[in-house]
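By written order: A, B, C and D. Residues from 1 in each chain.
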Amino acid sequence: VVLVAAERIVSVASGADLPVPEQAEIIDASGRYIVPGLMDANVHLCAAFTPELLLEFEGRYEEVIEEAAQVALRAGVTTVFDTWGPLRPLVAVRDRINRGEVTGSRIFLAGNIVGFDGPLSADHFKVGDVLGRDVVDRINGQWEFRVGRELLLLSRDEVGRRVRGYIESSGIDFLKYAATGHINSEFITFSDRVQRAIVEEAHAAGLTAQAHTTTPESLRMEIEAGADLLQHGNVTGPEVIPDETLDVIVDRRLPVAAFANTQTYMKWARAHLDSPVSAGFQTWEKNNRLLIERGARLLLTTDGYISTPRVLEHPQMGEWVRGPEFSMQLGESHFLWMQAVSELGMAPMQVLLSATRHLAEAYDVHAELGTLEPGKRADLLILEADPLEAVGNYRRCAAVMKDGEFVDREGLPVRRVLTAE
Amino acid sequence: VVLVAAERIVSVASGADLPVPEQAEIIDASGRYIVPGLMDANVHLCAAFTPELLLEFEGRYEEVIEEAAQVALRAGVTTVFDTWGPLRPLVAVRDRINRGEVTGSRIFLAGNIVGFDGPLSADHFKVGDVLGRDVVDRINGQWEFRVGRELLLLSRDEVGRRVRGYIESSGIDFLKYAATGHINSEFITFSDRVQRAIVEEAHAAGLTAQAHTTTPESLRMEIEAGADLLQHGNVTGPEVIPDETLDVIVDRRLPVAAFANTQTYMKWARAHLDSPVSAGFQTWEKNNRLLIERGARLLLTTDGYISTPRVLEHPQMGEWVRGPEFSMQLGESHFLWMQAVSELGMAPMQVLLSATRHLAEAYDVHAELGTLEPGKRADLLILEADPLEAVGNYRRCAAVMKDGEFVDREGLPVRRVLTAE
Amino acid sequence: VVLVAAERIVSVASGADLPVPEQAEIIDASGRYIVPGLMDANVHLCAAFTPELLLEFEGRYEEVIEEAAQVALRAGVTTVFDTWGPLRPLVAVRDRINRGEVTGSRIFLAGNIVGFDGPLSADHFKVGDVLGRDVVDRINGQWEFRVGRELLLLSRDEVGRRVRGYIESSGIDFLKYAATGHINSEFITFSDRVQRAIVEEAHAAGLTAQAHTTTPESLRMEIEAGADLLQHGNVTGPEVIPDETLDVIVDRRLPVAAFANTQTYMKWARAHLDSPVSAGFQTWEKNNRLLIERGARLLLTTDGYISTPRVLEHPQMGEWVRGPEFSMQLGESHFLWMQAVSELGMAPMQVLLSATRHLAEAYDVHAELGTLEPGKRADLLILEADPLEAVGNYRRCAAVMKDGEFVDREGLPVRRVLTAE
Amino acid sequence: VVLVAAERIVSVASGADLPVPEQAEIIDASGRYIVPGLMDANVHLCAAFTPELLLEFEGRYEEVIEEAAQVALRAGVTTVFDTWGPLRPLVAVRDRINRGEVTGSRIFLAGNIVGFDGPLSADHFKVGDVLGRDVVDRINGQWEFRVGRELLLLSRDEVGRRVRGYIESSGIDFLKYAATGHINSEFITFSDRVQRAIVEEAHAAGLTAQAHTTTPESLRMEIEAGADLLQHGNVTGPEVIPDETLDVIVDRRLPVAAFANTQTYMKWARAHLDSPVSAGFQTWEKNNRLLIERGARLLLTTDGYISTPRVLEHPQMGEWVRGPEFSMQLGESHFLWMQAVSELGMAPMQVLLSATRHLAEAYDVHAELGTLEPGKRADLLILEADPLEAVGNYRRCAAVMKDGEFVDREGLPVRRVLTAE
């Protein structure tokens, strides 16, 4: 019995132990299974990353974001962490959802990744001489806010100042910085001490910090800099996480938001992808096995976005987005993640914790979210079958409650934008 | 005295000869000069040619076109011939203006240039791997209507069928076909006999025909094919129009819609442009001198479009669009054209005829337009000074009448779209 | 019995009819089959078409050409027609072979294709900003000799003058001009009358003329211009040769140098190539069927060149060069051609004539070559099995004689250049 | 009086103090000035950096290097430090010169910059789809030797092993590693501790170490890693060297190999270059002023190479190489450097030390080179006018002695390769 009042859980008890207030509306979930609302440590709600979508939907990013937050919620993800996106529209939608004006998954957001330029910059989508400088700058400007790639040329103190200014003026919920480049993923962005300065600014402002990391050495640097959560910490190029770093992760119980592909996808990848790309995925998997074996704290993380055919078939998108059970389609990706880590041997309860309590703790939101405990927000799923029996049972969802109210899942998304096609 | 009733001119007389009906509203233009409304043989009202504008304004091309038609009208151009643009929006705006629902320059339109693909195709703006195939096809499709570049591979009969189908279904006012490529401007598109077949289809449907021509040989082919109007017939690469072709143009009084640059621009061009580009402009000018000397029938033609900084600074735009008195800015370009041909020695009355009667005759609309004669549409300008004294006096316009009504020029454009910036 | 003296055939007779001079060296070919030396209507001996090969082997093109001529000869092709290549090196090697200083297939050459720029120009290999203008111009200059793409902008008379100058100064054996572009294969290059002028210049100089043609209309134009041989006349885009043109080809017995793929290749093409590319190959085949059915005069033509892995894997090479039984590898391609047309139903004797007598007649060299007749050059193959029984028997070649001398096939190529890898 | 025997200086004295052996050949330099042979801390003898030169001269890099070493020597530069080039050819020429088989400037070489791929890789010249993978790999392979960009993905230990292997097998004279990318000049390549590991490997092998640095933070990291010489340490992006780093440089007397432009060039740069490029040069200059004011130890460093028009006009070369007194033309660049630092206020004797003693000390070759002292190699210039009076007097060189022998400067370069054009 889970007793809910206003937006929160009042009490939790099994069987008849709990006195139910007379006026309570009773939802009979007997024979069903109640789990906390699921969380995703890494999504991109504004999926409009291709040049044409960025242009076509300019001025409508908020609609795009709302739709995505609803697609996630419909699938049982009651909280998402948006780790890179256009700041103002994300803030606007987050606040609208939090005020109850709009339905959608609860959003925590980072805005820009400190050290990255916008999506139409050299390290992301290449625009060559096809788009004019003015439009490119205008769109990138919705991401950058003076914490873009220019920071790589600045002194530690100036980087610190910029990050502080960004935190103060942006309304972000957590800080993400680049420890490596994006396409230029072998390169390091910031030195040890600059990374430390960035993390310190986040902590001074009461925010958690995480880094975009893609190499063994940048993973180590991020840890030494004090990051609270290792974002896609299992992405380490052709080689696995070095032992010394793995030891630190395990010993300090550092949460690793780890990408994961299902075996179906991996089989396809081996057959169809260029060997370095395929090798990179093998490393993800090897690292996941190591982390699971060592009992490290993995978090559900998907990079999930509204991946329509138009996005996936863009000529600059890698072939790898076209495989079966591709891991990044919002609304589906969290199921695939749970399946993938189960296939690698993660215990059912650990899978559940990866998507709930551990994730809430890593992001320091566990006072409000992540478990079914009195005083916490009433985010929960009613499942028709036991998720600890079979991970596929997360798909058999009878009802989704967020903030104490049942979600009208059939009505979502309210307005079709990217999914309209 | 010009007596106007409904949309048309009732009678024209000098001095007191004309009895003025009692109920007539009298506009005192004494001391001023009345000329027919000006016409431009070649404009592009949907200036959204750059990839970003095509995307940003998709769904709003009609607004773009309306604005352009109003910019032209405000400057005294009461009739324009749109020689390449998105068919459906052009038709919609043309009809709306003709029905009097919207103010704007009177539009005659060709839709696509038969044999050209849309603006995001290899022969126009290059999009490489920056834009997805779907969006490119969707936008190009608004131009192509099965009379695109694929026609170059088809038999004469099939080309004829396609052109016939296009004429029947499109609602175009005149037919324009490619005699040469656009960027690939040395190449011929259609053989003599295919060109003839295309022109015959136009004539069979009661339409005039013209070709996009850029070489001496394609100019000759177009003439032999029976074109009614030689569109930018003075563009012939590095060499001038051969004598034999010039003789034919003069003898048959074929109207040549001739591009023209002012001396100010030409001086800049010689100093700042690559020598082949500059040489091309020299050829324009040499051809114009020859045509004027030989008494050929030139028409005012500008390629005019709303040339905002965003358009002109696009990386794929040539340096040549950035010179002073650049000849293609709608609303200004017709003044510059008249100045340019005057500088080359064209007589004042010929300049006026180029922009009015001769142009109307070439397009076969002289029953309605082009002169101030009883029965014609009442399109006229009241100038404050004699345009036959100084070509600059066309700028000193006191009033513009179109279809018998004075235009509220201050109020144009009604809605700023491209010019908003 | 074939009696040979000096470089020529003295007499031919069957059985014991022929009195053999006493001093004659007797080669016993009893039980074997003697056929004229094979000919290929279209090869490119200087296969160095990729930017890197053009640069690496600059200064050594003659070596490259010698090797290719030897690779062809070794495989029984005693005469080749080089239809596009660097003029001076080709002339030098042709003359060296003709003087007997070097072994190799007898070369007839066209040098440049009139209207084409060199191999590093926009219509062939794209070099972007990777190679400097100087080196690009220098290499292209070895092809162009003032009859390049610039001719498309010139008047008929000037084109005629240029072609005449080229014929007089170059030492070419036959004239080839572009009726269409290369990559820009839909575009026509020259008008009817300019094509006629080009062909007339060739004929006035006693040369045969042919065109590069890739569309139905350009094929017709070439025929009307008076071309003696239709080079890859079966390449007509997505549609087959129109009936009217097919009738003319058949009625006038115009020789069609027709590309052909084996059924093995075609099966692969349907499965692996983009549909327009695959469709193009289907058209080749459909045209071949029509031409064979109608009894048109096909010629063996392969575009053969030394197609090493380095050439075939160049990133600008289409996927289509990577199929099994790819039709353009010199030394192999003529066998595949004969196999391919046999598979389409061409009679065995016709296959042989395509590669010998008909080809010699088309190129107007039949006074010297193409049959085993007294007075002709003694070019012949001794085959171990009857080629009229099975087309594969052309591969079972016991000996190759050229100009009355047996070729030491084992020793060819004398010096490995491109084939060294 | 400088007494020389064999390759070395025996004694140095002023006036009549020195007893001259009877058998000595006496060169009368009275009224002239003797200075040690000049040194350049950074040249690229194999200037064949553009794709076309790399291909054209493949197999002849040794000739290219010899020519460059002779061009340098002719201009008075008796010792050069080649900081990035093809290993094997550089080693071969270095050894040939050292054995006295070939004349040329004495070469010390680094081979590859650890962490950089070869010249046809993404961070240097872009080759797109113009050159095939095979040729690109083959040429880059002459630089990389398993210490290329792949190291950025490896663990510290593995990087250490690779560097050790490279040092042991290569025959290099000093070690240079990348602290930042080349075109991607904002990015850091190696973490603090990996940089330290690299420097330690160099030191363990008795080599000096230096880094390619382009940002304030990478400069600091390099210093902390223990680099012996700060290669182009004055290149720090838009901002000058931070005070804390400047203090360290001054306090530890760290040698800074500093690029320098003359005022003539700087004036041109301000007028003609994009503002970020121009701003970068301003920073060089500001840093130089600071370093000179603070008495830091600057070294003559030029990046000098044989900069022929073909190299400078390559489309991927920045506009900045085309200014007057461009600082990187070997044989001229050291004069310009000395002029440039003089213009910034460096004292004449400091200028001389920058090019001689200080440079020799920084590279740890001062036991043999850098001053005119007994026991050192007899490398010296006889100047016609006092270089301490006017820096231009280094150009007035009457004679160059290297290893005790006068150089026949008129005869250099012995064989013209790149300078042939």
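Following the convention adopted for this analysis, a residue touches a chain if its C-beta (ideal position, glycine included) is under 8 Å from a C-beta of that chain, and two chains touch if they have at least 3 such contacts.
Here the structure is a predicted model, which is why all the values come from computation and not from measurement.
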Steps in the shortest chain-to-chain touch route ending at chain D and beginning at chain B: 2
Rounded Å distance, chain B centre to chain C centre (Cα mean): 49
Chain A and chain B: spacing of chain centres that average the CA atoms, whole Å: 54
Interchain centroid distance [CA atoms averaged], chain A/chain C, Å: 61
Listing of all chain pairs that touch each other, if any do: A-B, A-D, B-C, C-D
List of chain B residues in touch with chain C within their complex: 149-150, 152-156, 181, 184, 186-192, 194, 215-218, 220-221, 236-239, 242
Complex contacts: residues of chain A adjacent to chain B: 50-52, 55-56, 58, 125-135, 309-310, 313-316
